[in-house]
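Below are structures written as structure tokens.
After this come two complexes, each holding chain A, first together with chain B and then together with chain C.
This part shows the complex of A and B:
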């Protein structure tokens, strides 16, 4: 990433005063100090709640309310995790697995389906192409929550509410993914390569899977990640579709526990440690794939 | 031109099978889970329940715009719309302003360690709204909060304050995401543009104000529209805050109103509300798009 190298360059040149690339104009020490101060205040704002969550998760029930909330007391993180996974026959692990299933399978299939459609719209001329694309683009503006209620009505007519499918199937559609794939395929898959594959005798579908997907990889990772987050975070659809606790995703399960805190005070500690465990998979995924999604965002959709 | 389209059309005809394989899965799913639900909501909103006599079985019959008249007379629904509009007018500019300032700072040579800051600001986006709301709910609660000095003086969960406490949760989650979109737009500005400005002696603030901000207006419009949609659709955060504050009622936001109306169950009225909310969302985001386009053209 160009910015990273730039920063690194700045750091090494620090001793030699300002680098020449500023055309001789020095940013005053005051502006730099103010800028860094803003960054540090912002970092505190964004990270303190997460820090609190980590600290609170590591405390015993007694220490939770009686010790400094922003620093560790007796380290009981693993005891808390054990209590969480044992509670009600490990229903929390079931929720985590459900979320992983809905978000993992859902996002993977949604990415594939959107990539095929976006690629076709970018690379083949056919009648009604722009109309189709505009309808899909309209779909980007339709919020998921607005669809939840009618989806519930339809699924209940089919007798399919309170099933895995009620949550999984609607999340296979990513209009934003089609949009991003089209832009990205148009920019990064040259027609010559497709023609060359044709001359080599590869079929259209095979060309897509062996050649185009590789060239579209940053866009595909971006679509996968944002769809993964959207499904993992989705709340309204599971809330109205699911009644059986064993099908809940982790967000819905923790929500239900949180509503029970006033009746069962002991559950509060489980909500805290459960919250921490439920965000770790997302943070790890984002960090592991950041190289891809950052370039996907920069090059693909948002120019 | 005519030959060109003819050539292209024949190519498409040749690959009709492949085209079907590429487009059908999305087409079918999009129809089933986007278009049909929308049409079904409209259809459902035109129905009304009638009974034969007082104790007869309830039957759904076509009611025309009956439900829409009900929606327009439904005071809680409109006050919930008013509430989220007020929320949006205050929260969206603050959130996008913060995102813009942070993106500009990350992009400027004034800041060192920009990679760390970028990830730190973006981290809250990985926290689901429900979890973020639970977490902040704890932080606001006077007996649990690490900030007792503040929470003992000021009740974040009171009827007057809770809307803004929720606004803070939304801001916390989404500033980093919006910052990243604006920052990506800044990265795509060619460096040469700055050279001339530097030679003219422009400082970082001048460059940001005169060059960078005008060039990221499209990204700002995009983030603005998605923020407006998100605001009108507020649901998870207030739903969670019902556990923390009695001031958050079941008709606090339009979506909560729809949810509680549907669980009465008054499905047709809820469907009509959904249609009205979707139209309002569309009109509002379209207006913002048009207004900003005109401004940008000037």
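This part shows the complex of A and C:
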């Protein structure tokens, strides 16, 4: 933590100094205006769908198709939420809980595994270390979607499809996390500290958990967030693996409802309100851990 | 970790090879199965994958009455949304459910890939033929002797939804032929409206129009499949709608969108030639027009004829490898013929049964308020009896729909024509069949 604070303090100082040092170069009003305009357009582009979602979620079923899609009509947000959580005995809440379980537990364990692997590769010299690292790095290039079908066939062999494990186990692997851990451990965990811990009689495992993980905390938060978002948004793996509605994550559940719209048109309103609710946990996690994420990413890039 | 990753990369290669061999064996062999179908000893549990909302209610009735044959419902997105692909993966892995929901247009795909059990030898299945609307039965037998590969569940007979109030106010007679329909379209356009919306993406709806005209997109015999997306009837239908598009007599909103709903809700569009389940689509999408709609038979190519098309509908199939085909067949037959089961499925999922008796369920005997109190289901029941039983779907309909939809989307914006899209679809379909090692005649 102290390392981070120092780095950030340093950067702030640098940033404060810069205008004085580069005083000659000043942005012209035109380029600033253009930059602002581009930013505003980009902001609108990204926020309009979200705005639509918020507005649409607050409408009654009749107003949904008949009123301006970008402005409020009769406010029925809470009625819609009530309808959503009552539909099919509250299966939506079950889906939210499942997503939280898959993403929360999956990301936590994935972070731990990635941290241990990255630390080991960074701090222990052993034969084949670079080869191992390169192979793991190659894993970053393989899209998760491409692995879903082979995973399904493997899990079928083990008789483990349509279980929690079918979604949870594959989520524990994060090659990018290993990469980030290695880079970060190499840069932020000095060999001297590890030496000192050894001299004081700490075993390797204890050194890792009590010393290294603390120094690596910003990277670990970053890995956790990346993995949390990836698992929460993962759709293809559950689609292939799961058949029991009670195991669905919220992404798959909403997709299934959306394909039923032609049979039950009314379900559309539930898909809309459900989509809004399903992104709230992501936003909360993001805001809560954003501070760490920023510093973690910046440090990873700096070093 | 690294090891598992290597193993996985290896697995991908292995799967690709598997998929290839699987494809090359499909389609050629057609074993005359169905020699035996004996009940299992002791209680059994069947798995049933269906995306029908609330199908659990109907299944609960069965489970109550049959303690020794319990059915477990599994679910997923609709067929083309992922469940078909899942079925194929599961068939490959040997853990497919005992029973699965399969739409009529996907049946040949599963048959060609040898994914269906022939349940003809199971008790009472062959005899059930008389209970079903004739065209549905030919869809589950593929014309084979002594073969039944699924039990028809629901259908989508087509008719014309129209704004009775607007036609009356404007003094335009309700069209009974496509010629009158085009004339009415011109009159409506002068009043600022559109007679219909041409759907660029619902290729199965277009197929329904071709079906009505007597067209055939696919046929197969011992030598392989024949693809004919540009036959005389199809060309007639395509050129008819192309004319309406060219003259700006039909709207071309993307279907199933807000603007599409809004166009109906604001009385801009006057008719929709669609299937029975479309009744709910309009009621939900155009609430302001309640009470003003009515239903008439589809316009005809020949005055006085009564041909109808069909859009949608599905079956309950026993998937290959089921350990209990006897029990599965009994359940499938019960689910789709029992009055209580059909009523439950109609209530939760708006299905329109494939049985002849199903049209007489109490729920179909009443007038519908949204349609001015008209008993619209009489029209659809009549339409169901007038659907040509010889229409055959191809083994790669998802591909056909996608390819033709690409061309149709271009056509409605003025680049290319519907017929050109179908011509391109013809070529890509033949290529797709060949790629899947399905014998095709050119």
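Quick note on the criterion: the second predicted complex is superposed on the first by the 275 of 303 C-alpha atoms of A that agree within 3 Å, B and C clash if a C-alpha of one lies under 4 Å from a C-alpha of the other, contacts with A are read in each partner's own complex, and residues count from 1 in each chain.
Criterion: a contact is a pair of C-beta atoms (placed from the backbone, for glycine too) under 8 Å apart; a residue touches a chain by one contact, two chains touch by 3 or more.
Since this is a predicted model, take the numbers as computed values, not measurements.
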Room on chain A for both chain B and chain C (clash or fit): clash
Which of chain B and chain C A:278 touches, first, second, both or neither: first
Contacts of A:69 with chain B and chain C, given as first, second, both or neither: both
Partner chain in contact with A:217 - chain B first, chain C second, else both or neither: neither
Which partner reaches more residues of chain A (counting touched residues only), chain B or chain C: B
Touching partner for A:113 - first (chain B), second (chain C), both, neither: both
Touching partner for A:150 - first (chain B), second (chain C), both, neither: both
Touched partner set for A:136, first chain B, second chain C, both or neither: both
Contacts of A:160 with chain B and chain C, given as first, second, both or neither: neither
Touched partner set for A:255, first chain B, second chain C, both or neither: both
Chain B versus chain C as contact partner of A:50, first or second or both or neither: first
Steric overlap of chain C with chain B in the superposed model, located at which of 96-104, 114-122, 186-194 or 258-266: 258-266
Doubly contacted residues of chain A, that is, touched by chain B and again by chain C: 64-65, 69, 113, 117, 132, 136, 139, 142, 146-147, 149-154, 173, 175, 178, 239-240, 255, 258-259, 261-262
Footprint of chain A on chain B - complex, ascending: 5, 8-9, 11-12, 15, 17-19, 21-23, 25-27, 29-30, 32-34, 36-38, 40-41, 44, 98, 101-102, 105-115, 117, 119-132, 134-139, 143-146, 172, 175-176, 180-181, 184-185, 187-188, 195, 198-199, 201-205, 219, 222, 225, 229-230, 232-233, 235-236, 239-240, 242-243, 255, 258-259, 262, 267, 270-271, 274, 277-278, 281-282, 285
Contact set on chain A toward chain C in their complex: 61-62, 64-66, 69, 88, 113, 117, 132, 135-136, 138-139, 142, 146-147, 149-154, 156-157, 159, 161-162, 173, 175, 178, 239-240, 243-245, 255-256, 258-268
For the chain A and chain B complex, residues of the former touching the latter: 1-4, 6-7, 10-11, 22-23, 25, 27, 31-32, 35-36, 38-39, 42-43, 45-47, 49-50, 52-53, 56, 64-65, 68-70, 113-114, 116-117, 119-121, 124-127, 132, 136, 139, 141-143, 145-147, 149-154, 169-170, 172-173, 175, 178, 203-205, 208, 229, 232-233, 235-236, 239-240, 251-252, 254-255, 258-259, 261-262, 271-272, 275, 278-279, 282-283, 286-287, 290, 294, 297-299, 302-303
Residue ranges of chain C touching chain A (in the complex, touch as defined): 1-2, 4-6, 8-9, 11-12, 14-15, 47, 49, 51-54, 74-78, 81-82, 85-86, 89-90, 92-95, 97, 256, 258, 261-262, 265, 277, 280-281, 283-288, 349-351
